[in-house]
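Each of the next two complexes has chain A plus one other chain: chain B in the first, chain C in the second.
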Partner chain A sequence: MRPVRWTAGLLLLVAAPWIVTELVPNQQRYILHVLIFTALYGALALSYDLVVGHVGSLSLAHPAFFGIGAYGSALLGTEAGWPFALALPAGIALAALAALAVGVPMFRLTEHSFAMGTLGVALVTQIVATNWVDVTRGPLCVTGIPKPQVGALRIVTLPGFYWMALAAVALVALLYHALTTFRLGRAFHAVRDNEALAASAAVDPLKYRMLAFAIAAAVAGGVGALYVSYVGVLCPGELAVSLTVNLLVMIFLGGVGSLRGVLIGAAAFTALPELLRMAPTWRMVIYGLLLLVVVIRAPDGLDALLRRRVAASR
Partner chain B sequence: MEDLFEQLIYGLTLGSMYAMVAAGLALMFGVVRLINFAHGEFFMLGAYAFWFAYRVLGLPYPVAGVAATLSMGLFGIAYQQTIIRVILHRSWHVQLIATLATSIVLTNLAMIVFGTQAKEVPTALASRILEIGGLRIAWHRLLVLAACPLVFVALWWFVHRTKPGKAMRAMSQNREACAVVGVDIERVALWTFALGTLLAGGAAALVTPLYNIFPDMGALLTLKAFAAVIVGGFGYVKGAVAAAFLIGITESLAAGYVSYAYKDAIAFVVMVLVLLLRPQGLFGRRLGI
Partner chain C sequence: MALFEVQGLTRRFLGVVAVDHVDLAVEAGQIVSLIGPNGSGKTTLFNCVTGYLAPDGGRVVFRGRDVTRLAPHRIARLGVGRTFQLVSVFPRLTALENLLTFLQQHQEENIAARLVRTRGVRRHEAQAIDRALALLESVGLSSRADALAGSLSYGQRKLLAFAAALMPDPDLLLLDEPAAAVNPTMINQMKEQIRGLHRQGKTVLLVEHNMDVVMDISERVVVLDHGQKIAEGAPEAIRRDPKVIEAYFGR
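And then the complex of A and B:
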């Protein structure tokens, strides 16, 4: 039964552009746009959960790595004229290198201090992006970022971007599953649950934390590169702390440390504002309140509620 | 030479502001073991409360300042009663995310209520300039420099000489032992949050006439105050105050002589350097506040 359901779900997702065109032809562009954002946010939230949910380090530096990947690939694409096939991996590599460089001092900190230190990384990255006008163009934004092109395949249409985003989130989900399930996953969880015990069993906490941190940053950089290739513009505001809040809402709403939960959270998060149709500031107030209520009342998220419901009905 | 002296005065005023904010943060961390991510937003709210009392209601400066400070104290009590009480015994993850969520809600509510345009609240003292030789200092800066030590003397007196203050010190040293001998933990937490928020409100009432106020000023301030708390040695109030002045002066000198645009990054760089060279903080790890 399960493989059938899986295949049906996958087919449905792949065929979404046609289905949307058939069902709501006049809103097709808008719905596809929301779906693209959902997929990209899903991939970003999964990468963030690798650090927060699986090695238990509350990093607030994720917008920095997203931004380094985005700015890296955007500037290489516009200023240096690199093709997308080179600019994307370069963005990924830059983000991973930044994470390794920042991780060494940051992981000397624990708990609150780590969170504060990484928040500092995010703020400084945004300050640099705003003020290093010669390179990033500062508040004038990087514009005219080329559309993705690999060989003869050039992505320009909305369905094309949708499939690109879908492939990205599928790839990241596979990576997330592989990293958190097998031996490596057990090492991550050992470090998260009891650092001293893990260390005494020759599972080096620093090594595994750095690994998760760097991989998460690489994925965030990749998502950043894909994001700017879709939107075409990149401003320093994209690196704001509010991105971290969005990610926290997604993973806590859905369920920390759970693949399905994080994806549910990302989908609920991107669908919610579209349903509410509110001004951005009110949106942030509601997200903040939502985060507050969820983290206090239901820290396991929607996924745990769902699982309990299923278990109760059996 | 006058230029350097002026920058130092700017640094000291900035340091006074950071010190009062950081002292509240250090108190909260030292006594309750909780990092209040919304602390910078308390300063922001205090600044708007002062703006409201001074510009909208038209109260004279001392009255408006005291009113803003006291209203922030009440806000701190409300904050403790609604949010802190619920998360006091939860894991640090929950505490951190709950206070972060509060800061986001406050920032965006302030944007809705007051608008994103920066506001200025210059007082008569802020525009009157004292000239000594080639040196020009606004009288209001001198007021800040004079008031800041008084605030800290009062804080020292409260923490060392009053009963709630002694309970706070006891709790910062050993929470379990306090509970065993019958210290009401919730009550001490209430005092701590009222006092910490009062400090943020007082700092806002003192320095707001010198700086612009805008809704998202809180995040950077929380970061700098926390940098001071880390550099000063985690929850050790005197250390945090000293470190706050260090950060204020460094930032002001950096703004004057290195780069104005990057001055906000300086506090963070100082924090990272201290963490690398002296992970226990500049003054060593202490027991208690």
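And then the complex of A and C:
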């Protein structure tokens, strides 16, 4: 039964562009755009959850790594003329290197000071992106970022970008699953649950925290590179702290530490603000109220709520 | 040469000398108890020798190797196990997973192999599960193997923590008040466990307030008071030592 449902779900996702065209031909572009954002947000939220949900470090620096990957690949693509197939891995590598450099001092801090320190990293990165005009073009934004091209495969159409984003989130989901289960996942969770006890079990807390932090940053950098190749423009505002707030809402209201929960959260909280555009004046008020309802009705996330419903109906 | 040796260990907290030039030697295969009134520095000493606190002076030697100031996970890897005074488990892992965590770092360290789950890693996992189930059985927790550790009772968590420390088969085991808040039946079971370790040639250093346990299982007792070692010897001699009686009951 399960494999059947999985295959059906996967086919549905892959076929989404055609289905959307059939069902709502005049809204096709808009809906695909929202789906692309959902997939990219899903990948980003999964990477963020590796740090917050699995090793239990409340990093607020995620927009910085997203931004480093985005700026790195965008500038290499426009200024240096690197092809996408090189600019993407370069963005990933730059973000991972930045995480390793930042992680060494940051992980000397504990809990709240770690959150504050990483918030500082996010703010400084955005300030640099805004003010280092010679390189980043500052508020004038990086424009004309080339479309993805690997060999003869060139992605230009909306369905093309949709499949690219879908492949990205699928790949990140597989990586997330491999990292958070079995022995590696156990070491992560041991560090999260009780650092002193983990050390007595010969698990090096710093090593596993750094590993999760660097991998999460690499993924965020990759998503950043894909994102700019899709929208074609990159402004410093994309690195704002509000991105962290969105990600926190997604993982905590979806289901922290759970693959399905985080994806549900990413889908719900990307689609919800878009649906609310129907009531433009009251949009943010309704959004806020809905967040409150979820927090009260499902404090441990939508995923847990779904699971309880399923268990109750049996 | 002693398996484990502490030489002139000193640790201060804001001018208060918690551990004051303590010397201690534990021979391989011995059970040694560390006793003393509350605040006499027993737990501080434990934390200094296992890397959780940096000593202000002195040396810690394990199997002839200076391990002073090594990080806790490195000391653990050398074959030193410890438990904590406050019950310490991984609450969001199951009882079985708690135990498995304690063995995996000793079996292999290669993260990449773990990610792709090579044959060797899967074989290690199977061996670890066998050993963990046997240990859970020995502390009477087999039926709770798949329960989250956070859902176990206080006593069960204490037994789980004890079993977990045994997982990597440490050469030296430091137990911080294993019998505190454990019911009498379980205390007897735990004493049997410690005697079993002794028969296997393991070395145990134990901090304990329960004098029945201390007198019953230790071969040698070391007494701390105000951070200083005031007496050392066989249990019967310690029981009659006037200095020890004074430290506990006052003059």
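One rule holds in what follows: the second predicted complex is superposed on the first by the 292 of 314 C-alpha atoms of A that agree within 3 Å, B and C clash if a C-alpha of one lies under 4 Å from a C-alpha of the other, contacts with A are read in each partner's own complex, and residues count from 1 in each chain.
One rule holds for everything that comes next: a residue touches a chain if its C-beta (ideal position, glycine included) is under 8 Å from a C-beta of that chain, and two chains touch if they have at least 3 such contacts.
Just so you know, these numbers come straight off a predicted model, no measurement behind them.
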Compare chain B and chain C by how many residues of chain A each one touches, and report the one with more.
B
Applying the document's definition of touch, where does A:L306 land relative to chain B and chain C: first, second, both, or neither?
neither
Taking the superposition on A as described, I'd like to know which of chain B and chain C A:R108 touches: first, second, both or neither.
first
A:A167 in the overlay: touching chain B, chain C, both, or neither? Say first, second, both or neither.
neither
Just checking: does A:L97 make contact with chain B only, chain C only, both, or neither of them? Give me first, second, both or neither.
neither
Is A:A268 touching anything from chain B or chain C once the two structures are fitted on A? First, second, both or neither.
neither
Which holds for A:V14: it touches chain B only (first), chain C only (second), both, or neither?
neither
Considering only touches as defined above, state whether A:A196 meets chain B (first), chain C (second), both or neither.
second
Mind pulling up the chain A residues that touch chain B in the complex?
58, 105, 108-109, 111-113, 115-117, 119-120, 123-124, 127-128, 130-131, 241-242, 245, 248, 252, 281-282, 284-285, 287-289, 291-292, 295-296, 299
Report the residues of chain B in contact with chain A in the complex, numbered from low to high.
29, 35, 83, 86-87, 90, 92-94, 96-98, 100-102, 104-105, 107-109, 111-112, 219-220, 223, 226-227, 230, 234, 261-262, 264-265, 268-269, 271-272, 275-276, 279
What part of chain C is in contact with chain A in the complex they form?
50-52, 71-73, 76-77, 81-84, 88-93, 97, 100-102, 104-106, 111, 114-117, 121, 125, 161, 164-165, 167-168
Footprint of chain C on chain A - complex, ascending:
178-179, 182-184, 186-187, 189-190, 192-194, 196-205, 211
